[in-house]
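Can you read through this structure? Questions will come right after.
To keep things simple, chains are lettered A, B, C, D and E as they appear, and every chain counts its residues starting from 1.
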Amino acid sequence: MIAFAVIALLILASASLAMCLRNLVHSVLLLVANWAGIAVFYLWAGAEFVAFAQLLVYVGAVSMLSLFAVLLTRRSFHDLDIIPESVSRATWALLTAGAVAGVLIGTILGSPFGNVTEAAPAVSMRQLGEELAGTHVAGLLVVGIILTVALLGGVVIASKDKEDKS
Amino acid sequence: MNPLQLCLILSSLLFAVGLAAALARTHAILVLLGVELMLNAANLNFIAFWRYGPPASPADGIMFVVFSIAVAAAEAAVGLALIIAVYRHQKNIRLQEANRLKG
Amino acid sequence: MLGSGLLQGLAVTAKNLVGSFHDPARYTTVEYPEVKEQLPESFRNFPFLVTDNATDPMGALRCVACQICEKECPPQCIYIEKSKDKKPDATGKPQLYPAVFAIDTSVCMSCQICVEVCPFDAIKMDQEFEIATTDRFSALLLNREQLAKPNTYFHQIRPTEAAEVDGRLTAERKAAEEKAKAAAAAKAAAAAAPKPAASAVPTATPAATAPTAPKPAAAATPAVPTPEKPAP
Amino acid sequence: MSATNDAFLETFPVTLRDAATNWLPAPWNWLAQGLIAVVAVLAIFGSLFAILTLVERKALGRVQNRPGPNRTGLPYTARLPWLKFTEGKIFGLGQPMADGIKMLTKEDIVPREADQVLHFIAPVAMLAMSLMTFAVIPFGRNLVPVELDASVLYFFAAGAATELAVFMAGWGSRNKFALLAAMRALAQLISYELPLILSFVPVVMIAGSLSTVGIVAAQSSWHWGFIPHWYVLTPWGFAGFLIFMVSALAESNRSPFDLPEAESELIAGHLTEYSGFKYALFFMAEYLGMTALSGMAVTLFLGGWNAPLPFLQFIPSYVWFAVKLLTLLMGFIWIRATLPRLRMDQLMHLSWKFLVPLCLVNLANTTVWHLTASLPLAVRWLLCAVIIVAPFTLIGRSLTKGVAPRTYRYAE
Amino acid sequence: MSAPSENSPSAVRPPSSGADPSAFPGLTSAPGSNIRAVNDPFHGDLLEVSMGPHHPSTHGVFRMMVTLDGEVVVKLKPVFGYLHRNHEKLGENTTYLASMPYTDRLDYLCSMTNNWAYALAVEKLAGQPVPERAEYIRLILAELTRLLNHVCLAGFLLQDCGASGTPLMYAFREREKILDLFESLSGSRMMCNYQRFGGCRIDPSAEWLDRVRALVAGFPRFLDEFERLITGNEIMMARTPGVGCLSPKLAISAGITGPMLRAAGVDYDLRKVDGYGIYPRYKFRVPLGAHGDTYDRYMIRVLEMRESLGLLEQVMKDIPGGPIMDPKAKLRGLRPKAGEAYGRIEGPKGEIGFFLISDGSPNPYRYRVRPPSFVNLTVLEDLCLGHTIADAVIILGSIDIVLGEVDR
């Protein structure tokens, strides 16, 4: 339980800090910490494979993408500090988020979950692989296609359009 | 409170943080990252249910998350590419001002 | 095929790596303070003053303070003050000597022009190069006493040139003595009977293959205008 | 497994560990064993780093026809009779120590405008990430710090984080050269992550395991008693090994892919504003990362700790691992001594237009290998060799199109 | 950084072919189509980087103000003068002889050729003949200097490409042998101060000539090995061809000389054109490039080294005896008649020339140096535009500058 508390604190603190900071690079790096925290949570829950996938995809790749986006959309070192958001907007956002969180937590606390299984389900790598390439092979293919399309789409969208060079 | 509920509360809080960010911030990258946070919160739920929920097929929860991570990666890639394209056109990525589709 | 050039390059470096253990041509480092390479005879660093007498260096400087080197020195690093009195030189002729002769080695650029223009073979290039000091100013400003080194030292560092110089100097001395003798004889003869003296005076000419450059005839061209000196 | 399994030397490290921890109660026992593993990894690879810096400089020197560092000795060694002839210099073995002392005592300069937090975190994160990767490498028969089911995945997940550290360093320095280096590092590391991972997928497929221990175990037999079952000796394994090593060069920022710290262009790249101990940490992380990647290459392709020939098994397994590791490290140094640097766009082309397609072809090649198991080995081998060499030549030719050596005309 | 504020017309680099093609037909930079205007507010941001004066690859204290679009150079402003030593004024305030050691310090890699060019100018001014043997020795020394310079250049170029010192150390290994020869002849390795008006200072011994023969015989072996290491190397072949192309037109109108001009395909070698010294007596070829890119500039130098070796082999066969110095030559107190003279030779880097005006006094009235590296450097921006910063470094390396000569 102590481990869970630490992980939860890490996740929530880094997420909320990241969302409050003015400096974009710091925000992104804190988000990376948050993702790493989530990976630790997966490890804690016993889902090794997911944890490493999370690390590989989020900490390794999405973070890079975000940093690239940050670097490519700035004018100077000091351009990163974002203009403060309007107070009313922030208030409304916080109220909405708070309401959503309240409803969710209320539901969670109010629902009867019964007895939880204490022993973590044991899944071997081999099992996972067979499942992935057996039961879920259609999903795997679809994901593969989505990723390819996303790659191509990303390249097309982000590449400089030559004729537009006025 | 059982551990499943704790995990779910954690995930809903994380979801709320992401939602607040997506609503409050005007910087496109931050909004996108807020959406990522919400996705992650959902993934937390899957793992929590896989771990503590009633036993189903042992790998189902993991499968969900793996696919979700893959799709999230694609979403991030396209989203960030879009942001860069918008920036190229408008020299600005504040969302209020990016309301025209034609550059 | 892609990569063949890279493999060739790797082969070359491997050859050098292995060669450095057995092939002296592929291991060229000389580990300096322990091993010192033989300097070539013509190696030059900073000038020194030649003195003929090791026990009394100041008394036997060849320099006669003619100040030609001072004038010709490109970076003007030589400073000379003439003496008030005269001392007899090796031939016994009374000559001026440098009361002050200083070379600022922090300015000197080791060009050897002072050596080339000296008509008296009084200044030569030294081969001492381990002269680092901790003092930038006074320790690098060498005075007469520090500059003077005996002719034997000159023989030691540059045997060929020194022998050639010595040969020339002895020839000159001999010629001068003969001239003096002849002059004395002529004087005596003139005292006896006024008739023209024998004027055939043999003078030594430097060999064509002298290791130093052929010198301008003698010290007989004092009309070198002084270049504007920079303010001290 | 052979009878040498429980030879004294083979089991010595484990025996030692057990002797030191067995008296503790159960959970503490486990913790102590973990701690011992951590300390052992730190000590062994820390000193390997120190020696490696010296070896690299000496090897570079020898390649360049000079001796390399050979002056700095250790105090008191001149008094030892059998070392007297070295006059206290002992071939420069004191150099790493002197370097360490110098690094520690140098002033740590942080630019005023720098992002203080990132500037500080970057080297620490870098070193931590490189150290974490050592956790899953099997150094010997029973010597793997942590046995995970998905340890190969773990290795690359942990390694992926180093690029963040490079970015933090480059960005946090507030220096234009460092910023350029950070951009380069991001692009380079993310581009080479792909071939790096794709190159070992065949190994995972054939071995049927994502755990390093399982992969090594799958390579621990011999064809006809003398050809080891290492994956590097198959066509797809060899291709994978080469791609892996090229990508590893790029991932560890080593020449000819040292673009982020390209000395002649960007001064020192992301390290421009680092000095003193932080710089040393980066340096250490670079070497440790190189060592870890080499260790992984040994594990995946070179049969891990397996002996090359059955009768050589009397030599302990960790010695074999060390020998293979050092050979690969020497290869890194040799390449650094020889090759000039690529340009950024060429670097990207190499990855995306050459290595990644080759990896995919190699994947297909592996399938062919797997499906033709019934054919005789030689036929199978040749078939797969052709499948991988043909695209290599073709793509390689398109990559170097139009840059053939030129002939020159002369004017009389 | 503040790109949009940079609106001065001079900063504009139009995408295609220059602002006013009629004014300087050759001098319009020929950037690739991917170059953008510096003040283009649309496409991303520019980064202005100050490379130098203390940068590892600016060959001394040279500074390039580079404006980068990503990694692509869109503007490059060379800044020099950090090593200015008043060379020409010094020459006007000292005697003719005292200027000789200063010429060593112009291009400190090639002091022998600098000496020769200056001696040639003074000899023209004073009408001073040179003995036959001295002409031979001068030619030998000039060609040795060419070897020395080109081999250094190749090493430095590779260093700029990022090879960690190995080609440079091999180059220096060979250069060291030539420097040893210079040292045993003139007494100094780099600041030779060897030539004089009317000959040379010291007569080389037969033993020294034998050492030169041995060096000439052994050099091709080194060159072969060096080329095996470099010329076929895929990375080198990827890095250098097509980088920094210099068109013959631009080269001629900018006054480029030396291997850089010949790499652009212009057949102009002062050894052939002027036929100074005893060059006309011997057969040698002048290699010419076709593209004018960095690879050509490198290869032309390698080929020139091979030609120099052939030339040296011929020359070493028939060195006449006789005096090395004209006996009537006057060194000290030289007062040439009023008049002017321009002495130039084909130095390793290009045309090194000295222009002297005498008013009959012991000092020249005007003393002017035509430094090849300085003139060759003027096209740096034109070569670099549209290439990446990594290319800018190797283009600078392939121009072959020595800051002592650029800044004087």
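Going forward, a contact is a pair of C-beta atoms (placed from the backbone, for glycine too) under 8 Å apart; a residue touches a chain by one contact, two chains touch by 3 or more.
Since this is a predicted model, take the numbers as computed values, not measurements.
Within the contact network of the assembly, the step distance from chain C to chain D comes to 1. Ranked by separation of Cα centres from chain A, the top chain is C.
Note on chain placement: the centre of chain D and the centre of chain E lie 43 Å apart, centres being C-alpha means. Distance between chain A and chain B, defined via averaged C-alpha coordinates, is recorded as 5 Å.
Each chain gets one centre point, the mean of its Cα atoms, and the points for chain B and chain D are 35 Å apart. Spacing of chain A relative to chain C, judged by their CA centroids, is 81 angstrom.
Contacts with at least two other chains are made by residues 2-3, 6, 9, 12-13, 16, 28 of chain C. Counting partner chains per residue, chain A has residues 49, 53, 61, 68, 72, 160 touching two or more of them. Touching two or more other chains at once are residues 63-66, 179, 337-339, 400 of chain D. Touching chain B in their complex are the following residues of chain A: 1, 4, 8, 11-12, 15-16, 18-19, 24, 27-28, 31, 34-35, 38, 41-42, 45-47, 49-50, 53-54, 57-58, 61-62, 65-66, 68-70, 72-73, 82-83, 85, 89-90, 92-94, 96-98, 100-101, 104-105, 108-109, 113, 115-117, 120-123, 127-128, 131-132, 135-136, 139, 143, 146-147, 149-151, 153-155, 157-158, 160, 164. The residues of chain D lying in touch with chain C in their complex are 59, 62-67, 70, 334-335, 337-339, 392-393, 396-397, 399-400. By the touch criterion given at the top, residues 1-3, 6, 9-10, 12-14, 16-17, 19-21, 26-29, 31 of chain C touch chain D in their complex. In the complex of the two chains, the chain D residues touching chain E come out as 60, 63-66, 176-177, 179-180, 184, 255-256, 258-259, 262-267, 336-346, 400, 402-403, 405-406, 408-412.
Within the complex formed with chain D, the residues of chain A that make contact are 25-26, 29, 32, 36, 39, 48-49, 52-53, 55-56, 59-61, 63-64, 67-68, 71, 77, 124-126.
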